[in-house]
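Structure provided below as structure tokens; questions to follow.
A, B, C and D are the chain letters, set down in written order, and residue numbers restart from 1 in every chain.
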Amino acid sequence: MPEREVPTFPADGGARIEYELQLYYWIRLIRAFEERVSHLHRQNKILGGVYSGAGQEAIVTGVCAPLREGDFLAPLHRDLGVFLVRGVEPGRLMAQLMGKETGLSRGKDNFLHGGELSRGIFGPTSMLGSSLPVCVGAALKFKMKRDPNVAVAFFGEGAASRGDVHEAMNFAGVHKLPVLFVCENNRFAFSTPIEKQMAVEDLAVRATGYGFSGYVCAGNDLLAVLNLTQRLVNRIRNGGGPELIEFKTYRFRGHSEHDPATYRDQDELIEWESRDPIPLYELYLEKRGHDLARVREQVDARVRNTIQEAVDYAEHSPFPEPHEALEDLYAPSAQTDAAEERRAARGARG
Amino acid sequence: MPEREVPTFPADGGARIEYELQLYYWIRLIRAFEERVSHLHRQNKILGGVYSGAGQEAIVTGVCAPLREGDFLAPLHRDLGVFLVRGVEPGRLMAQLMGKETGLSRGKDNFLHGGELSRGIFGPTSMLGSSLPVCVGAALKFKMKRDPNVAVAFFGEGAASRGDVHEAMNFAGVHKLPVLFVCENNRFAFSTPIEKQMAVEDLAVRATGYGFSGYVCAGNDLLAVLNLTQRLVNRIRNGGGPELIEFKTYRFRGHSEHDPATYRDQDELIEWESRDPIPLYELYLEKRGHDLARVREQVDARVRNTIQEAVDYAEHSPFPEPHEALEDLYAPSAQTDAAEERRAARGARG
Amino acid sequence: MEITYLKAINEALHEEMRRDENVFVMGEDVAELGGAFKVTEGLLDAFGPERVIDTPIAEALIVGAGVGAAMLGMRPVLEMQFGDFISCAFDQIVNTAATLRYRHGGLASCPIVIRAPSGAGVHGALFHSQNPEAWFTRVPGLKVVAPATPYDAKGMLKAAIRDDNPVVYFEHKRLYRSVKEDVPTGDFTVPLGVAQVRRSGDDLSIVTYGGTLHQALEAANIAEREDGISVEVLDLRTLLPLDREAILAAARKTGKVLVVHEDRLTGGIGGEIAAIIGEHAFEYLDAPVRRLAMLDTHNAFSPPLEEFILPNTAKIVAAVRDLWAY
Amino acid sequence: MEITYLKAINEALHEEMRRDENVFVMGEDVAELGGAFKVTEGLLDAFGPERVIDTPIAEALIVGAGVGAAMLGMRPVLEMQFGDFISCAFDQIVNTAATLRYRHGGLASCPIVIRAPSGAGVHGALFHSQNPEAWFTRVPGLKVVAPATPYDAKGMLKAAIRDDNPVVYFEHKRLYRSVKEDVPTGDFTVPLGVAQVRRSGDDLSIVTYGGTLHQALEAANIAEREDGISVEVLDLRTLLPLDREAILAAARKTGKVLVVHEDRLTGGIGGEIAAIIGEHAFEYLDAPVRRLAMLDTHNAFSPPLEEFILPNTAKIVAAVRDLWAY
């Protein structure tokens, strides 16, 4: 399958309109891709944990859009969209979810732990919050090497309670590193509501304690996400040091496919469903003068095709060979090879 | 040696004057005790690491003074004074430093890792910051059991960078626990100046991110320390939830006895030496109308005696027996004992 | 009554909380949700939010705060949502908790229980399948247990809660709903530190615990039926302190020992056990002590990979035959 | 030139930073102070504050940020001020770093070195004396080394820095200034994964590493001189991956093996080694594999306690005699 370019965000008017349609494609693709994943999960074709990002697609789309090749991202477990927007082949992503050889981790792990370094995407461990120090380290490299790049660390408001998050933000502040901290505050960590997680309304205030600024933004409003992110990413790229954005959002589905989420308030859910980022963005496209019905039709088809291709690709991909479980543990290295040789030589002698 | 009562802070005038003289005794005792420790260290009579709190005595004295029996404290490694003010036998403390059987940990560890639970003092591990979750757990117990007690967590501005500190403060905020966070900001973590540790001037601002208040206070001013602490401790005791005080102070000596601290600016040191908490407090006693020369003479003698007794006690105490290294690992327990019996029975049978 | 392994743990929690008001439960999603696996189900309703506490995602805090409360007389039962995340609380366990009594000269205790759902074979991949026990079995001051049956799960959890020392309690996720047995409804405890012979045999001994006990028993039956090999199976139950007498007795009895665990081979507790046997039952051994364990890699996700690296009944049977043929 | 173990490490750092501009050093007090033990002395002057970074007290950050930089081509050398504090970075090491390549399907590498000054016998008590190596030798994806001589300290640090995998490098504090030897000034490396016979002998083999190597060599001389026992001493040098061939060769040669380490007995790497020998050199053994290690307790402070629990030359001599007499 052909590799796509990492997208860059166009500044001028005409290209921008084109790009805004691309944004619509992405936000729709993410939603549909995840719906298909959920379906495949029910069919037992996807075996591991699956965490829907439905309701939060505007964040990943709007944050990734203004990024460039060479930027570094650590997605949250709900951020499958990061992979799609950054141009990872949908088929390989689907293969990853199915544990196939052609998946990002070649079947070693599932879901988003694979990462795709060629697209600047770090595959986080499950340990929430522990990817923030890594992101900060990537940003340290950018600073040391004068690279014009930005590292983006996604995390949930739940993960924000972990110590690693504190250590990472503090260090980023001290060294004014080019890192954007993106909190997706969806008001729940699994079943635990925000009131049991923190005693403040806006997590963004914590940035002050690390010497940079924290912003609060409507996370379901793609344009708002995009505009704020673009502004801050530019500032960071120009040496302005870290920034934190807290996106207010909501998880439309359960924590994972297994979770009926009965602990949630139905009114709250309805309230937030009425802030669905997709119709909100469609409203914008209409105001922009697009013929929405036509746009929809085109995008529907494109999305359907892409997903079907991805599923076909993944389903037709082989599982890894059993012995591959013992591969990819160590990078080959001059030293190890020398050691092997020396041991081999000794073996031959004695 | 006789045990002393845990002090309580008197509200009324006459007793207060008496008590203020006691404060003077403590602050002088701490300074002198540590000087003697330093001397004994040079004589190789104290073998482990020794971390002087010189310059910071007003903080421990002023924070401990308004506390009560049953309150829980986790001292910083520089807070030998906490033990003295809380009424731990100076001889046992000295024995602890010398690794003697009569020390707090019976020779198991040195310096302040021993703790003295009967005085509410937790013996922290060396891992900086890790005592804050413990303190918060003590506060949780107080809240659950409706105990009218307060937990006090001391930490350096250096330790504040550790993740455990964040996790602890956040939880305390969520549950409005009766805990006072006491930061001794002495501007250095070993050789590392504050600018390399955090990008903010006042660490106290971080409290805002956890839903409580942070205060900045002159840490070398015993009266200021005492007044603020007393006010906040009362508030906490009455269910007001956690508070954080950042005391601005300075380390008069090196990080440890081995450290000449050549990395410090001499002007800065002189500036801070001119804020020595002892003469500052003496000035207050004079303004209060005391005959300072007489007070000094009395306190000198008392301090000298106490310390000499402590040294004598410790020097005459035996070292633990070698096999004691294998004791105190496990609490005896009904279960274990049953297991022992069952094993013994089985042994007898087969 | 016949109950599952999961239900047995849940019952133990209910009963202990009823028995002792100082027992409380703390962890992520343990209250309203009843835990990711429903192990703490019903506790919130029965004991209220003060004693069943949903924490933020902060494993170091969970354990550290547990220690603080325990020092003052409480008996916290602390849940790691998955045993894998115990790495995030590592320092609090191995330093703060394990050395607490020691550094306080014997004058403080730390009666906490850390419940850690562990184990593979449930498509959990790298970070929802780990068997972290051997990180802790080398730390004096801790006790480490890994019950394999509903009866033990209940009795040992009760014993752990009543124990005045920090206990890390590994419960195997695969067993939650897959094993059932009759468990008394009333109060009983299973002492910590005592292994149990689950099957008597004369030719060869399998030493195991936790998830692989059931595979080992199956394998023993197959080996007896198909090859006439009489296999003893010892369930360690407690991993620290080890029941050395029981291990040595099993080794001396048959002279041939196969140690089986789902934890990785290298650095798993099997090495310690083999070393103990090799040192203290040397004269009794008719064959090398063999180990069958997860291969030295991570918990790979894809079914063929997971199948390849984990021990199972067939692999145990093969190892038994091989050792028998020595 | 004859240099100390400490100086050897320092030289390796200087030379590697000069050789490769992607090498940088990060940790607490490593810059202006030159490290708590002066291991990083002179680096700040030579390479400036961008490549010699004083961090806040945040071990998880130090390792995690190292991983991030390493993924993008840097070669960070990360210092734990004391090896004991490695517990605070545990998750980042065993999960983030060790599984990095694996979960990225072999398409990412993690060339970090974590330097951890470890070891007892310096009045460091519970939290400045630990030997944490066996927590890491059970984690595939990591390499773990513990050089015992200045030559190896230099050559193996260079090898570790050039290795594309995460390496935990344990340097024994007691050796810093107490051992000296001729070490070439120029560039050389000592391959990871290869043990070294330090003393040849026919009657009995000691397998050891790190701090106890020197005691073992002394003990071997005493046993030879006083008892006529000819003792072979194998220095493991790398603890993960173990040089199994060298271990088995030592066992097969003499049939009597004493494993010695300063880490605790239970759960120390000695158990793994004894198990390997017991399984793969079974027919060659004339006696049980014995282990001499720190007793199963914490690193007690008071001199009589510390003396009692740690291995030393006299205890090794006694163990050699005892095993010889088997």
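Definition applied: contacts are C-beta pairs under 8 Å (C-beta built on N, C-alpha and C of every residue); 3 or more make two chains touch, one makes a residue touch a chain.
Owing to the predicted nature of the structure, the values given are computational and were not obtained by experimental measurement.
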{"item": "Distance-maximising chain from chain D - centres being C-alpha averages", "value": "A"}
{"item": "B-D against B-C, pair bridged by the larger set of C-beta contacts", "value": "B-C"}
{"item": "Length of the line joining the C-alpha centres of chain B and chain D, rounded to whole Å", "value": "36"}
{"item": "Centre-to-centre distance between chain D and chain A (centres being mean Cα positions), rounded to whole Å", "value": "39"}
{"item": "Mean-CA-position distance for chain D and chain C (Å)", "value": "30"}
{"item": "Chain B: positions in contact with at least two other chains", "value": "105, 108-109, 113, 125, 127, 130, 161-164, 167, 170-171, 174, 196-198, 329"}
{"item": "Per-residue multi-chain contacts in chain D, two or more chains", "value": "55-56, 58, 60-61, 84, 87-88, 91, 95, 99, 102-103, 126-127, 140-141, 296-298, 300"}
{"item": "Partner chain D, residues of chain A touching it in the complex", "value": "72, 103-106, 108-109, 113-115, 117-118, 122-123, 125, 127, 130-142, 144, 151, 163-164, 167-168, 170-171, 174, 327-336, 338-340, 342-343, 346-347, 350"}
{"item": "Contact set on chain C toward chain B in their complex", "value": "24, 50-51, 55-56, 58, 60-61, 63-74, 76, 91-92, 95-96, 99, 101-111, 140-141, 143, 159, 162-165, 189, 191-194, 243, 245-246, 249"}
{"item": "Chain C contact footprint on chain D (complex, rising order)", "value": "84, 87-88, 90-91, 94-95, 98-99, 102-103, 126-127, 134-135, 137-141, 240, 242, 264, 266-280, 282, 285, 287-291, 296-298, 300"}
{"item": "Residues of chain A defined as touching chain B within the complex", "value": "161-167, 170-171, 173-174, 176, 195-200, 203, 205-206, 208-212"}
{"item": "List of chain B residues in touch with chain D within their complex", "value": "47-49, 99-101, 105, 107-110, 113, 125-130, 158-159, 161-163, 189-192, 196-198, 263, 319-326, 329"}
